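Below are two complexes that have chain A in common, paired first with chain B and then with chain C.
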Partner chain A sequence: MDMSQYRSLFLSEAREYLRTINETVVGLEETPEDRSGIDTLFRGAHSLKGMAASMEYGDIVEVAHRMEDLMLRVRDMGLVFDSGVADLLLEGSDLIERMMVDLEADREPRTPAGDLPDRLAGYTPPPPPPRKAADPAPAASAAEPAPAQATPSAASVPAVEPAVPSTPPPTPVEPERTKELEVTSVRVKTELLDHLANLTGELITNKNRLLSINRDLASPQLGEAVGETAKLLRALHDEVMKVRLMPFEAIVDRFQRSVRALAKKSGKELHFEIVGREIGLDRSILESLVDPINHMLRNAVDHGMEESAERVAAGKPARGVVKLSVARDRDRVLVTVSDDGRGMVPERMIASAIRKGLISPDEASQLSPRQALMLSCIPGFSTAREVTDVSGRGVGMDAVNASIQKLGGTLAIESEPGKGTRFTLALPMTIAIIHALVVQCGPIKGAVPVTAVLRTVELRRHQMTRVGNRSVFNLDGEALPLLSLNRALGLPLGRFPDGIVPLFVTEAKGRRVGIVVDRLLGQHELFIKPLGRPLSKLPGLGGGAVLGDGELITLLDVADLL
Partner chain B sequence: MEERLLLFTVRGEGYAFELQEVAEVMEPSESYPIPKAPVHFVGLINFHGALTALVDLGLYLGKGRQARSQGKFLVLDPRLAGLALWVDGVESVVPASTILARSAGDGALCTERLETAQGNYRLVKVETLLQALEQGLAGAA
Partner chain C sequence: MATTVMVVDDSLFMRKMLRDLLEEQGYQVIAEAADGNEAVARFREKAPELVTLDIVMPNKNGLEALGEIMALDPAARVVMCSAVGQESMAQEASLAGAKAFILKPFNPEHVVQVLRDVCGG
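Right after this comes the complex of A and B.
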């Protein structure tokens, strides 16, 4: 029987099981007695084995089978779930994923199972550390827990055969799901969802066109009909976007894995907490978030978190906490990475930036503590006293900031020396259909996502002053530099005969800045389309859209343009 | 199916694309400026809902600007690119078997020189053109 037609379904379901296995392994390391976690791992490996057997993927069956056996020993034979078991299971999960990549690419398997099945089968926990002579002899019941007696010693384990009776030969099994889920949900190809979102976007563009036409016609009936259509479209858009949303859960196992590996490598004790796994984000945003979040977590573990001894000396618990949380805030999603580590010192950040020639002493004197923290987002800035191979060479926060701004989001940093640091990403729920501020600069109309606009201002000339060779204006007690979007676009500078200078405030390179434009044309709901080759290579553009009157405009990545 | 070529002219000189790489030949329509793009990127056009960059091929090849409202837009297959080329006009579509002789091209974009009954044409490879345009855009930053 030709099973190839079921391959994509197998890969999709198997990846769900691997994700569950990865997450559960990391969780079990903290609470090794958690019976439900142990059961989940056993079932996960068992289901993987069965699914792979039904597809005749022998290599995957072998690895999953040994993982299942190992968990059988944990579940029924008293083997303690220690970091050795965790490492082996994660290694098995990684190996199966690599095997699936080969399958997906429709090529001959390039990833042999190697000795992993043997190591899974022959695992014995490391002997306890030798006791000091002065240590009192432990009570007999506590000296060696029963599990160790049930586990064969390394010497007694055959080189190839599993140490425990193997489970019956694999038989195809149905994934374990609730009956309700089977009845009420269906799998849909992501291309179909993208197509649905595109059609909704086109409808919104056409609705804008009708609105534009009716501005000339001024027909009450048409206005009413378009108003109703707009309401229905809003509901349709919301529903379509909901369908495209994927829970944050879909990417968290990667963070658990990387934090675990980093903590192990740096020898730091920490607890990693994730909150808001169920919060949904647009698939495209979710995919773009993996690298920025990973980088912030690396920073938190490597630079933010102190060694245990240093923490204890500072009166803190030896074990630090790194927290990744996701929450909804109206039509935005807030992603926060926080730690209770050493925190950031604004004065040190400023001194470092001056020393590196990134800012002048004059500019430094204008910085608020908040702006000082954002200096970490300037390319080339790093306060790490020494470069480590964990978080690299301090070139990452500017890239994080740039990625978030590309998504129409913002990055904020709060920190208290000795208490910890919190990085907050504020992101739109979706990047396909957005609200944008449309601006005019010379002949060019451009759109800026409202999520990247802190506010709009119409400034009178006398409200502008100069600091050094820069024009600034005062906003909420903070002197913000004024930059010209015309200049950034290579256009002649705007003239403002009525003395009113239109601008919007945004964040660029970690600082709030005022961006002067020729005109502010108001907020529009836009369906953003990709530009494709070759324009996708032009920096500063994030796509394009059709306005109601048929005019085409581009989505500006202001931070990139500046 | 036999390969066919679309023959067109740019400032009086003959060029050719493989027909399968061209989606449509359009009359000139309104275009909208592209921020920070080099001058040969004349603007954005709406090709059945797809935002498509319009390049004045003559200007790109250093042969001067196309006169407004004249010529044709050759829209490339959207699966290959979001690109339309502004040319003088399309001459004909010919089967590859009617090419009388082929010789080496005279430039990076023109891989072959084609001799036909209608005259000589330079065969332009879309991928080569795209890569050259992309390099120019990255350099415009």
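Right after this comes the complex of A and C.
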């Protein structure tokens, strides 16, 4: 039987099992008695073993087999699921993944199993920590900060020889949520999805062209037909984009792994919660989110979260909570990373920014508390040492902010000293076809993604004031600096004979600013295509699109331009 | 008429392999199921002449599903399939009415032989 035809199916399904294993391991560390989690791990390793055996991948079989045996000891022989078991299983899962990478690259396996199979087979739990004899109850009191990796109930269940079942038979298991493996589904290559999205985009551009032609022709029949086509295209676009959506679930195991590692390293006790795994995002956006989210989680664990003792002294539960949640908000997806740690103090952020010469005392006096928090997103705001001083924000936040803006999204920070901090990313659900505000600057038309536009304003001259050498205007009690897009593009400054200055408000370098343009031309649905070289090398250009009348328009990356 | 078969396994990979193998041998795979619950439901729905049933599966394992299938049709022809380590289940399955036990990884000739025996007898 020729097995090579099954290889890619093996790889993709084996990865699903590995992901389930990783997630379940991390989950079980919080609730080590969870029988359905234990069953899931056993089954995962068992299935991997069977699949790998069919493919005759002996190395993978061996590792999976040992993992299965270890879980059998946990399931049936009273071995406690402690952090030692968790570590070994995660190590096994990583090893199998590396072996699969070798297989995928069609090369001789260069990842030896090493001594891991032996360590899996020979695992014995560490002796229970010495406890006061008079204290038989497990330490559950918040007032007694236990080490983060304490083995829950390790003291109450003696380590047993694998062959001697000393615990009662397993209690009936809660049925696990059915993992739907629909027989009617097909797997397609992602390039095909990209191609479909591309064709749909071209069709939308073409529809805009027809609309534009009919503006001259004014044919009711043509108008009706184009209107109908537009409706169908919208439906097609929605469907194509839906196909490209992947659940957030697809990337969460990486976060669980990294938070677990960070907490372990810093010795902090915390509970990591993930909400909204089922929310779908375009797969390219999803991939670009991994690093920014990891940055924010690292900040939350390393800097936002206090030590247990400090928390208890402040009257908080010893165990902190870091939460990653994803939610739909109309056509956007909100990703928030929040913690119940020490929070950020705006005054200290300001003092620090002044000390580093990032802002002048004059500018500082104009900052609202909200703006002060956004100072963390200015490049150069934080160094590792400084981070601790200003209660710990800033590592890579400028990088986070930049990559979110590249995706057409925005970042907001809220924080309350002593209560915690929340970072919110607002992202478009899909890319390629976006809604953009089209603006005119001199002879040039530019497009700004509406996700980057907080609002548009038409100012009268008297609403503008000068602070130092800068023009500012007041928006909701906040003084916003005014910048000229013409100037940023190297064009002559606009004149506003009727005394009305059009502008849009956006976020740049962590602050809200007003961007003055010659004219606001309204919102358009654009199919954005990447620019080729050498245009792609120019700063501030995010891609190109064709308007209905055939005119070319560039997508402006405003933050990059200023 | 080709013998109709239902393939039950929680792994898509395993189902695909077995389906290909069976179809090559002239069987007609009329249903697949990924866990015990689905297996019982599909059995009720499609009444396949032959069932290959994995043991280690989520929600309802193969032995539980076997019991329910045998209750639905005491003449059902069910062949249990499982990987190394579950041999102890073989006897239990046979007592519960399974006609045969196939060990994974599948040896095509062996699978064909066992199924032929089960269908002939």
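By our rule, the second predicted complex is superposed on the first by the 490 of 562 C-alpha atoms of A that agree within 3 Å, B and C clash if a C-alpha of one lies under 4 Å from a C-alpha of the other, contacts with A are read in each partner's own complex, and residues count from 1 in each chain.
Methods note: contacts are C-beta pairs under 8 Å (C-beta built on N, C-alpha and C of every residue); 3 or more make two chains touch, one makes a residue touch a chain.
This one's a predicted model, so the numbers in the text were calculated from it and none came from an experiment.
Within the superposed three-chain model, A:10 lies in touch with chain C and out of touch with chain B [touch as defined at top]. Residue contacts after overlaying the shared chain place A:315 against neither chain B nor chain C.
Of the two partner chains placed by superposition, A:127 touches none, neither chain B nor chain C.
Applying the stated contact rule after C-alpha superposition, one finds that A:468 touches neither chain B nor chain C.
Residue contacts after overlaying the shared chain place A:220 against neither chain B nor chain C. Of the two partner chains, chain C is the only one touched by A:49; chain B is not. After overlaying the two complexes on the shared chain, residue contacts for A:499 are found with neither chain B nor chain C. Comparing the two complexes, no residue of chain A contacts chain B in one case and chain C in the other. Interface residues of chain A, counted against chain C in their complex, comprise 1, 6, 9-10, 13-14, 39-40, 42-43, 46-47, 49-51, 53-54, 56, 65, 68-69, 72, 175-176, 178-181, 183.
Partner chain A is touched in their complex by these residues of chain C: 10-14, 16-17, 21, 32, 34-35, 37, 56-60, 82-85, 104-106, 108. The touching residues of chain A, counted against chain B in their complex, run 202, 441, 443-446, 489-490, 529-535, 537-541, 543-544, 546, 550-554, 556, 561.
Those residues of chain B that touch chain A in the complex are listed here as 32-37, 41, 44-46, 49-53, 78, 80-83, 130, 133-134, 137-138, 140-141.
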